[in-house]
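In this document, chain identifiers A, B, C, D, E and F correspond to the written order of the chains, with residue numbering beginning at 1 in each.
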């Protein structure tokens, strides 16, 4: 086990350096059609730099840049509609497009007609009916796990129920409208709340209104642990591409899929749902289920890894009590983070922004009625609708295939790597500074608030009954939420 | 192989950005902490300047108060 | 009175058997255009069978079947738009249609042009302005009944207010957008919440979260009473067709209208609104008003009928206390009902599904915050918007005509028949089994939760001061909710 | 007359379905009741396995607890 | 100061009479294109009369009138789209239009093509990036004022945050969808809640459910003070036109802009937002900010003016305690006001209607659960979304220009004039009747509930420690809410 | 100048309407007040005729009551 994980860590570092060398000569050009090709380190940072607030405040987007983006969106939209078999929609999109050279339009039209000629047959492991039947069983399983095993019931119960409703034949509860006939209600939940990105963001606002960043402010350097733990995200991303490369076509993910799978390692529901709904809506069901299931399994997944990489002595380290944090610092904090995000990574501002809006409402204490509603009525209403809407993406032809197994496996790896990375960085930090921190709090960096922090606390008390790590673990824990939102922003900027 | 390289590139850029972001955040926190330690006296821990009451508030309460006062005055 | 009702019951049974004979030879073919024509018993059951989950899991819809359905929807949509005078909309629909043979398109185009040539004049008893004035008075009346008489104020007050706002000249509060100009807010409430079916379903979820099926689980056979009481639905449906047939054109309802009117007898608000918004939106105002008014009048409508069909001795029957029902049974129940509904009647799953989702959230006790919100903040918000939106369908040209009188009369009949049927079945059951049940609880089968159950309790105590029927009546009472949802599903499947 | 026949057909099919559905439901309830009566010992009436706390929960509480513990330890 | 305000008052009266004379000969014809031109007193009242319920109940809109309105909307829509640079949208609007003579269509097409030929360049004081940067600072300033200075934090905090999010480069949080790509979430908040008018109306309903009209019912004549205080609205409107006329093109407002600016003087948030979102969405940000800021500054703005126009003796006047108001009167009141509004000014019924619906829910006491939700969960949810959505209109090219300075100045003037007018009318009333009222309550007529009433109370107690004016001031205070809604209705009817 | 005239016209019409509206409202209030003073006996200050309970209400309460009664009866 330890060997495996260590190998993975080393491997990725080696691979990284290999690339560092061979990719330098690379031109870093970004193809017009926005699917990142031949992106070198240099090219990537360059692209990212052009998407920073610092750069854009000084060089607003030019008409040319906007035109290029428009072209990219057009191609992407048509591709998506074609691969979903919506040929009519694709043609309409092409007709709607304006200010695009006719060659491109002709080319796209051809592409659509060719695809239409080939016809569209959703790939299925099982016949439609059987698939629906199995998915209903999957839904029941999720509900069982939620109720009997206590797996994140707030999300998995609605998701499971949504999966059942979606796979009922005839009823068409997740189908869109046809001519004059209204669509099913889950279709509207999905379009209004998920396609638009509104629901996960509102939940993130509520989470912000529930989160106390005090422990992080009191001991900021623990935020580094929240950064390290995001390593799992990118290992899983790499893994998804590796599977595609070596599974001989059995499993296949493109870069956007890989990014969506990686984000499972962020151990943060709203972030996973938001990113996946942007990059690969077809994977939304599997990704969300994996993310919430593993978050629920944190008390089972993390401890062995934590013990593996720490000695009893290390686990017994007690940390000095956290300093008092003033009200004003807590009020300033969300604004500081927002500003950093604006300057460095605007693509992450929807997530970070809403998280910090919620937190500002809480800490400012001048809009308590809004903050209360954000963390109660509003988040509950949205949770019900978001859960069922996510469940509506658990359709047989999307879920019952080898890819889903890959997603589940990679998600688990992501959690393990993230945990290990957090613990290892903690140990490294102890080497470098005299002020010792308990490496157990490193694992809390994956977020999964507040479960992971509780796990750190539990193991700490096992090693030393007087060792209360919870508050110390909350620092990396909440930093991990910010960390995965940042990772999501990077992926949106480079792959989106 | 190509796509794998893409993955590694994303990993390096991604982790670099995550660390850069959080390091910046740490610096910001520390400086703000320093600032408020230095000028703590300027920011007493009192409650915010705003009264909870706002245009969204129910006047009834007010009236109750006034009434009470009036009665007090009378009795 | 007793004779009247008995006659009605007998008549319908006779008519039924007559048809049984003469309809057997019938082919049971269902016309392409989905308006049920010459539907025989055999044909009907056959059609229903093809809409069961059992059948569809094994035989998913074929491309041909989908094409037929698409044709039906197209024709229906065009017809609806034509009869509403939206000729432009109808033409657009025809142009949007794809994969349909040109004859049909040509035929529809002709139909539209012909209608346009004839021109469109909404039939009015009163000139527009006077009609609006009267409808405002109707709205005020509803508000008066809600506040002063306590008629279901939660719905009738918003409905009444919505009726007033809708009928204000110039303001156009329920009008759709025109080109760049936004529509009135009630238009948006209606489209977002009623046209989509979302609001009644969310309310049903809240009702589920408020409902305790314990009494039903403790004495399941009382569910039969909840089935019998749905008889009123179909008698009213038959009555609507009879009125059309014998009122010499004064009153006219098609099959979909008749179904919407019948559902009033379900004595269940959300079910009535959901079904009517699907089948005959134009009747929504009248149907909803009738349903809620008679639900409020249950304490006045039911007692005489209950006394009529029971002897003092029967009313005095006491029932043995209900057994304890375990938590697990209560958790399993909603899932069992959902599964039965999936296998037997998918068309009812939106209603049954949301009811059971709410109940599962309540009984599972792992998502209390969601369940609390579902039965408070969420259901209240939706009730305000749903009520006013339903009121927006109280337009003079739709409401001020003989049909409305018919609807009110038929709704009352439905309640009476339903009550009688419940009581009579209870007596029949007493004949067949030794364990006696008090026939008074039969009337609770119409649902109208918990009013009808309270009425049973009241009459029980009149006959025997120590006779507490409330809990026993809750069984048929909640079964009646399921029963009317099932009836709605059948109507959607056969008439929708 | 035709439409009336339709009505009767609907009535018969409808009532049949309603009864069929609720009869099935009764059978299901009885069998589940029987099952749980038989295996009641497997389903103790304890509260569900899940702690109410979830990712939606406010960590403050936790912290309060921890603090209390710490103080306890000190004092 | 006193002189200044007095001059303004006199000036406007004089100007008024001047016009009275010279405008009589005027024909009062209203141009087809609905932008009021050459509207005389007579013509205006005539137009208003034709928009009353009294008139329309008897003379419903004829096909001709509707056609004229349709033409007007068409022209307006195209103009708006052209001036926003949405040439494609404008062309689509023209194609969608039906039943319009071809000359008009040709004319409009020409107009669009001409504009497209000229090209579209949003006028900017600063380059795009710099502008966004400054607007982010503006957002931070609003948040500072909300938190540290307690300026209406419930609105200004979300507005400020919305302003920041909107002006983040790259993120496009307030941008609409492009082809297949979803828009930013603030775009959806704005379209769903503000463009549709739903959010301000829901807030108004909540305000109604929180408002006790008892003090007004106990001493109705104080309502006149609530009327007088609306004078500020029209002075600001006049001022906006004057600025346009005499600032030599530096500042330019059309009649609709002027009306939106004037409504700031209504000192009522939802009314300002509702009217402005109808008349000049581009000014929404500035108008809302001004309205809420000055409402927060009422305790600073009003006292000097109140002292200026009153003697210590007047301020010391005590008023006799208010009579008891019966429950039934309170229930009847909202319906009476609604009916008056229907008969006199239907264009104000969305605002007045929702205010009165909320109040009826409160006073009827039969739907407490709805009333509770309306004044808590619902209003809070809507406030969060409305605030951020309004903030999304704080875009650099709309906000960073001389017009905004004009708006801020005029808003302040409106508040001052309103305050003065209220106080002066109170003094006049004292001259005319023997029953004395304390002129301090006149200033409460601007609404700004309950802040303004508290100010009256405070100054009253300064003059006489035993002088409790709060309840007396609540009368004009709530009347002011109705007054400004009525003013908004007039502006919608004549300028909209 | 023209637009200014428009402004004045709007001012006059607007203020006239606002006053007209509120004066009407005052008259309505006074007449209703008079009416209810005269016929107060017809409108006793009791609570509204409606029980708070409605179809949206939770039957559990009811049942609890009944149960209580039953127990009372027994004990």
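By our rule, a residue touches a chain if its C-beta (ideal position, glycine included) is under 8 Å from a C-beta of that chain, and two chains touch if they have at least 3 such contacts.
Keep in mind that what you see is a predicted model, and the values were worked out from it rather than measured.
Looking at the partners of subunit B and subunit E together, the chains they share are A. Taking the CA centroid of subunit F as reference, the farthest chain centroid is that of A.
Chain centre most remote from that of subunit D: E (centre = mean of CA atoms).
With each centre defined as the average position of its C-alpha atoms, the distance from subunit B to subunit C rounds to 50 Å. Between subunit D and subunit F, the centres computed from C-alpha atoms are 40 Å apart. Centre-to-centre separation of subunit A and subunit C, using mean CA positions: 43 Å.
Shared contact sites, meaning residues of subunit B that touch two or more other chains, fall at 48, 50, 56. Each of the following residues of subunit A touches two or more other chains: 146-147, 150, 153-154, 364, 366, 369, 377, 381, 383.
The touching residues of subunit A, counted against subunit C in their complex, run 88, 127-130, 132-133, 136, 140, 143, 146-147, 150, 153-154, 157-158, 161, 164-165, 168-171, 173, 178-185, 188-189, 376-377, 380-381, 383-384, 388.
By the touch criterion stated above, subunit D contacts subunit C in their complex at residues 1-26, 28-30, 32-33, 36, 40, 43, 45, 47-48, 50, 52, 56. By the touch criterion stated above, subunit E contacts subunit C in their complex at residues 51, 53, 56-61, 70, 73-74, 76-78, 80-81, 93, 96-98, 195-198, 201, 205, 278, 331, 335, 338, 342, 346-347, 349-350, 353, 357, 360-361, 364, 366-367, 369-370, 372-374, 376-378, 381. Looking at the complex, you find that subunit C touches subunit D at residues 12, 15-16, 18-20, 22-23, 36, 38-41, 44-45, 48, 216-217, 220-221, 223-224, 226-227, 230-231, 233-235, 237-238, 240-242, 244-245, 255, 258-259, 326-329, 332-333, 336-337, 340-341, 344-345, 364-366, 368-369, 479, 482-483, 486-487, 489-491, 494-495.
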